[in-house]
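Both complexes shown next keep subunit A, but they swap its partner, so subunit B is in the first and subunit C is in the second.
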Partner chain A sequence: MRLFGFAIVLFIAAPLVIVVPMSFSTASSLQFPPPGYGWQYYVSYFNDPGWLRPTWNSIFIASAVTVLTMLLVTPAAFALVRHRFRGKGAANVMMMMPMAVPHIVMAVGYYSVFGQMGIVHTKIGVILAHTCLSVPIAFLVLSANLKGFDRTLERAARSLGATPAQTFWHVTLPILRPGLVISALFAFIQSFDETVVAIFISGRNAETLPRKMFDSIRQEADPVIAVISTLLFVAVALGLIAPILWRAAAKSLRRGPAPAGRA
Partner chain B sequence: MASLSKLAERSNLWPWLLLLPLAGYMAIFFVIPLADVAIMSVTEPKPSLANYEKVLTGALYQKVFLNTFLTAALVTVCCLLVGFPLAYLMSVSTPRVAMLILLLVTMSFWTSFLVRTYAWMVLLGNNGPAIWAMGMLGIENPPRLLFTRFSSTLAMVHMLAPYMIMNIYSVMKKIDPALVRSAESLGARGGSLLRHVYLPLTAPGIANGSVLVFVICLGFYVTPVLLGSPREQMIAGLIGHQIEEFLNFGLGSAMAMILLAVTLAILAVYHRRFGLDKLWG
Partner chain C sequence: MSSYLSLSGINKTYGNFTALGDVNLEVAKGEFVTFLGPSGSGKTTTLMIIAGFEKATRGAVTIGGTDLSDLDPHQRNIGIVFQNYGLFPHRTAAENVFFPLQMRGTKRGPGLRRAEEMLEMVGLAGFGHRYPKELSGGQQQRVALARALVFEPSLLLLDEPLGALDKNLREQMQIEIKRIQRALGVTTIFVTHDQTEAMSMSDRIVVFDKGAIEQAGAPLDIYHRPQTRFVAGFVGESNLVPARIEAEGVAQSPVLGRVAYLPEGQPQAAPGQEVTLMIRPEHMKLSRAPLDGRMNAPMRIETIVNYGDNALVIGRAGDTLLRVRVLGADVVILKEGEDCTLSWLPEAARLVTR
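Here is the complex of A and B:
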């Protein structure tokens, strides 16, 4: 049983780890173990506009998607969590729908409709499409946070003479900030990683990083992909491990001086 | 402004005002593209049901649909075979080990499909470790691994297993150890403990994970296209092919509508039994 468990862990870990040595390879084709190690593909990534431009496009598009998604989702989450009205159930289901529809189906629709609107192969088109696909995950995270919100804090602010606007700015928003940040982060990642719709509508002008990677893997498997894969993998690893270390550090700090203070 | 907000409060307009921007957005950028696919499927190149007739009766299309279903079923079963034992091991190991495995699974979950697809190309490639290991074991002419049904299925299992593991683990870690102990004290061992205690108690997680994996797999585009055999396409790949290569929007849309109908039917059944909000929560 233990051996089987070890095999599964290896199965999950191996593909994640293997991209790191590959990125330092000197081989021009997929060869593992690499014949030699060097920085050459890192140098070519950071000097090749063919890779840097899609990287910036992706960052720009995902940032715009995040802003637009949060502007749309935040008021909607308030409406659906805090108010009762007819059609609420339907509105909730509608909000989750883009998650249920396979992306290839949306890709066909965007390709055709955006083509008629003249925004296919533009950044604005990708932003508009990705925002729609980011809505469900951003909404899920934010509404879960909003459901756990203790409304007595708002009532306390109101009873102390704050106007509804002041209460919102000085009480509601600061308490909700962590939820808003995580929700925005999910929207960003959803857009940054989205591949299928981007393949069909981003074209050469608005080429995103996943689209460039897809084309490159399909055509010649440029070793630079290993560099990008390593950078993306390291970003994920840091993103997951940093909060754990941070919490551990905060805990030990809090634990440290406490007994001394009491003594 | 104040009087407007009072009016809104009194007539219960507030929720509608707050929902309006998003509802408008979704109407334009979600409903219209989907409706366009539906319309194209019956109007391109001319108004008729010919596209559906071709897709539902043509041997090639039937083969692709069947292949898609079988692959999705196989991937789901494999994810269960990977996910259930691992979730079990996590629930019985020390918190530190369980945390490390969970961290690894989460890392895999958040790593882009493309990165993982590329990694499998390296692992299974002709100059990769899998072929090398077979050579070491004395296999003279190792079979081609890449661009086969095997490589795309294996990679899809790797990509979707985290969904299964997280779903099963989230219910398994809530199992009261007292239940397990009392079952053991009544003589339940190994197989019967698994069958009578763990399986029924983790059934919701298994159902969640399986539905999610199966549905995602049905519409999977990237990995089958990059790693699979060109002769054994899945439905999403074939839709893309019709649009990109042949600009055949009618046929592509008809296939897309069938894929959508099947996906929504599965999710609707699930929604009526368990509630859709649980699936991703």
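Here is the complex of A and C:
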């Protein structure tokens, strides 16, 4: 049983074991094991506008997608979790649809429709398409959080003199914050990661990082790809660990060193 | 009794279903009133209408002469302690208690000081910096109470606040809530389905069933003089047997035979009328042979449940199960399956006509 668990961990970690060493490689193309180690591809990544521009594009697009997704998903989750209305079931299904349709089909659809609208190969186009793809996962995360929300807390706030707006601001929002953050994080990552739709509609102007990586791997197998993968992995890992560190720091600040014998 | 809180003609219907039918009640200032009833009896609905979370279909709620009907919950100045406390998990105990003051524009510094004072009042001095999840159930309960009282509400509503506590803590909190309520003199409505809780805490009990008030009165009045069959069965343990009135002071029961009762202070009943006789288990006695000067009836003992200081003896007279409370010392001579005589005094028999 333990062996089995170990095998699974190994299987999941395998790409890392290969990609991280390759990013420090001295070889001129992706090659494992690397013939020698150095920083040269990190240097070239940070100096090559051909890589930096798609990086900024991706960050910009993913940020815009996150904002747009949350603006759509937050009211939708409140409505679909808390209220009963005609067509609620259908609305729930519609929210999930983008998840059910293969990305390649969506991509072809966007390509033809956005083409007619003249927004293919623009950031707007990519943002709109990615928002559609982000909605289901962000909605799922947020509505799960909202279902677990104890509405007694809102009643308590009202009884204690809070207006509906004050209740939302002082009670609902702070308690829902972790759910909102995770939901937004998923929206961001899904856009940042997305390749298929980006290949179809991002073009040269709105080229995203995954698209650039895809092009690069087809043409020259530039080891910078390994550098980017490593950097992304580090960024995500930091993103996951940061809240834990933050909470621990806040706790120790608040009451000094933890008394012995208490968790 | 001058009225402070007044419910007049409160009705609540959901479509065809009547949740509350014409509830009328007057509560005096400083009074501790308990709404007692099974779940679905309308007691919580009534509470939510007072709090403003439910709207009455008809009728009005007034406090000190002011009609609350058009006020939102946050405008009513009513403190509520919910069953699961409803403490804000992202705020410390002191910040929770500060919340209602914050909503009323008090600055953080003086507000938190006032909150700490209130926590001290409920026996939680020094716990202000803890988060709700770092407190025990009883402590959370006290924080909720402090939070509901710190803004000097015109009314305190307690919605089954002791339901989640274990037995010892419950009793401790019953005493504690009474103490605080007396100290502050705040008019209080306490909702529960637990009749011992109602008995021990209340100035007055209002018994609810099926969306209506069955009876309202002092705890002992409710216990000794139940006006309806429901109240007789719900409040305390009781033996309820059908009977027919033969003449004033005499009823004939298929279970207990001829039963004499004292007509004074009892509801009117004409000869021939079908009534219910109630005799409390502690007013019954068991003996080997009929006793002089008492009403006697035969019974066969079926089950003896021992509680140490006393025992509950369940026996059968005809097809009817009867319950008798016996002192612990007396129970050793009784055996299950034994035939014996059940006896009681005529004044123990209570007539219930509704």
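Here, the second predicted complex is superposed on the first by the 223 of 263 C-alpha atoms of A that agree within 3 Å, B and C clash if a C-alpha of one lies under 4 Å from a C-alpha of the other, contacts with A are read in each partner's own complex, and residues count from 1 in each chain.
The working rule: a residue touches a chain if its C-beta (ideal position, glycine included) is under 8 Å from a C-beta of that chain, and two chains touch if they have at least 3 such contacts.
Everything numeric in this text was worked out from a predicted model, so none of it was measured.
Per the contact definition in the header, classify A:99: touching subunit B only (first), subunit C only (second), both, or neither.
After superposition on chain A, A:99 lies in contact with subunit B alone.
What is the contact status of A:150 with respect to subunit B (first) and subunit C (second): first, second, both, or neither?
It touches subunit C, and subunit B stays clear.
Taking the superposition as given, does A:160 touch the first partner, subunit B, the second, subunit C, both, or neither?
After superposition on chain A, A:160 lies in contact with subunit C alone.
Contact-wise, after the overlay, does A:181 reach subunit B, subunit C, both or neither (first, second, both, neither)?
Once the two structures are laid over each other on A, A:181 reaches no partner at all.
Now for A:170: first (subunit B), second (subunit C), both, or neither, which partner does it touch?
second
According to the contact criterion defined above, which of subunit B and subunit C contacts more residues of subunit A?
Subunit A has more residues touched by B than by the other partner.
Going by the contact rule set out above, which residues of subunit B touch subunit A in the complex?
That would be residues 5, 12, 14-16, 18-19, 21-23, 25-26, 29-30, 32-34, 36-37, 40, 82, 85-86, 89, 101, 103-108, 110-123, 125, 127-129, 132, 158, 161-162, 215, 218-219, 221-222, 225-226, 236, 239-240, 243-244, 249, 252-253, 256-257, 259-260, 263-264, 267, 276-277, 280-281 of subunit B.
Would you tell me which residues of subunit A are touching subunit B in their complex?
1-2, 4-5, 8-9, 11-16, 18-19, 22, 29-33, 71-73, 75-76, 78-80, 83, 85, 88, 91-113, 128-129, 131-132, 135-137, 140, 144, 164, 189, 193, 195-196, 199-200, 210, 213-214, 217-218, 221, 225-226, 228-229, 232-233, 236-237, 239-241, 244
Please give the residue numbers of subunit A that touch subunit C in the complex, ascending.
150, 152-153, 155-163, 166, 170-171, 174-175, 254-255
Spell out the residues on subunit C that touch subunit A in their complex, using ranges where they run on.
Checking each residue of subunit C against subunit A gives 51-53, 72-74, 76-80, 82-84, 86-90, 99-100, 102-104, 129, 147-148, 151.
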